[in-house]
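Labels A, B, C and D are assigned to the chains in the order they are written; within every chain, residues are numbered from 1.
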Amino acid sequence: MHEVFENVVRFEETDAQGIVFYGNYATFQDETFTAFMEAIGYPYSEIEEHGWDVHVVNLELNYRKPAEFRDTLHNAMRVTAIKESSIEFAYECRNDAGELLVEGTVVHVAVDESGAPTRVPDEFREAVAAFQDEPPEPV
Amino acid sequence: MHEVFENVVRFEETDAQGIVFYGNYATFQDETFTAFMEAIGYPYSEIEEHGWDVHVVNLELNYRKPAEFRDTLHNAMRVTAIKESSIEFAYECRNDAGELLVEGTVVHVAVDESGAPTRVPDEFREAVAAFQDEPPEPV
Amino acid sequence: MHEVFENVVRFEETDAQGIVFYGNYATFQDETFTAFMEAIGYPYSEIEEHGWDVHVVNLELNYRKPAEFRDTLHNAMRVTAIKESSIEFAYECRNDAGELLVEGTVVHVAVDESGAPTRVPDEFREAVAAFQDEPPEPV
Amino acid sequence: MHEVFENVVRFEETDAQGIVFYGNYATFQDETFTAFMEAIGYPYSEIEEHGWDVHVVNLELNYRKPAEFRDTLHNAMRVTAIKESSIEFAYECRNDAGELLVEGTVVHVAVDESGAPTRVPDEFREAVAAFQDEPPEPV
């Protein structure tokens, strides 16, 4: 799994339990997705230019350890499956000590300009395969 | 000043000091603006239909007392001035006991479809005047 | 499932796709949890007074339809299982037309003052059973 | 003014107007405050260790140009006045081209452990003066 996004916990992201509010990891994971797309050379702007878009259809997060204000979070991602019109990503968030704080998955569906599901373009599949060394699960 | 928006503090809105993070009052004030527009019978959807939009150019908030998780916030607003292309609102946020927690101002500029400043429509001026009993400061 | 929390989409909650950013449903679901606890007569303040606390360990959300600015969201929740030290909730978010927008689950672990897992108190189990008509899955 | 904090606009921070929701600059400015404190060698953790804390009492932001998803924001800060128990900061946020997007001020009040206003410690005044070359406005 490639670490592609690093962030430092903001005060706004903490809650009255003194830790990062758990919903914020959806944002961290979304930024990790954005950074992953840039890392593979297929940034979100490219998606729009090629006439498709992505919609999140499933999010799962497992919380192992809390993070606090000013902790540095190391966020990693990997495509685990590309189906006809969906892409599944695994996500991990670790602290400076390498401890796993949060891990989970997110599934994006590729949609065309009308919002209907569409085939994930081959250029995207190839960009992922090239980046991840070995091709993800075949369709 | 008319109380037009009420909200209960969410856990996500608290921070590690155990109180509402101060930046969240920008959101509460923005929802109060939305509710105010609805209260005067000129909702945001009407703005868009009439071919103009509003951009915030200035926000000032003064913090008097903190709020905590589950506190009910009573948000009030009043137009204090309508200039050629700008609208100034006064804002107050009080708790159940009527104590002032936050007060401030926000200035919106009316823009046309190109994003250039445009005259605040007379229908809006009249809607405000009718709602607030007496006309705001004349241009 | 009981609808216990209603909210109107805030402008701050929308994103550049023109819909509610998907991570915000974690917050809506968390407020639904809070409202559920109040509905069963065991509010969060009660948890603290009885010397335990809850930590979220798993969150899963499935996105069916998007919501837009000013949509009213109807949020429902039900306890689906209480194990020795964990509580699983099912969550549904619907629009005014009753259409399902988001559904999912969240798992809270009961912890004692040291942060170690502890048995979910019987008073809580009984409050849930009384509210939900029939007892959830027995331990 | 020293640039002490840089951030890239997150998708979650955009709104249905396609730009950064204006309330988010309160968060950016708060992180700039945190980074400023670290830059002068008096981090927030030091504040707590020395038995005082800071509360925001006034926030003012002026919006000049919008920012979009993936824009890099360069945030700068300067102490403009230290009174007996308050500290006033000027804040500027610029884009990569050096254009001013947002500028404003924030005022923090120093409070003791009971929450009562207290004198801003001399060590803090000296750290600011050393960092900013010339001492801020004398008390």
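Criterion: a residue touches a chain if its C-beta (ideal position, glycine included) is under 8 Å from a C-beta of that chain, and two chains touch if they have at least 3 such contacts.
None of these values were measured; they are calculated from a predicted model.
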Both-way neighbours, i.e. chains that touch chain C and touch chain B: A, D
Which of A-C and A-B has more C-beta pairs touching across its chains: A-C
Greatest separation from chain D - chain, by CA centre: C
Chain A-chain D separation of Cα centroids, rounded to whole Å: 30
Separation of mean Cα positions, chain C and chain A [Å, integer]: 24
Inter-centroid spacing, chain B versus chain A (mean Cα positions, whole Å): 35
Interface hub residues of chain D, defined as touching at least two other chains: 11-12, 21, 23, 27, 30, 69
Residues on chain D engaged by chain C in the complex (per definition of touch): 11-12, 14-16, 18-19, 21, 23, 68-69
Chain D residues within the chain B interface of the complex: 17, 21-24, 26-27, 30, 53, 55-63, 66
Chain B - residues contacting chain C, complex: 10-12, 27, 30-31, 34, 44-45, 69-70
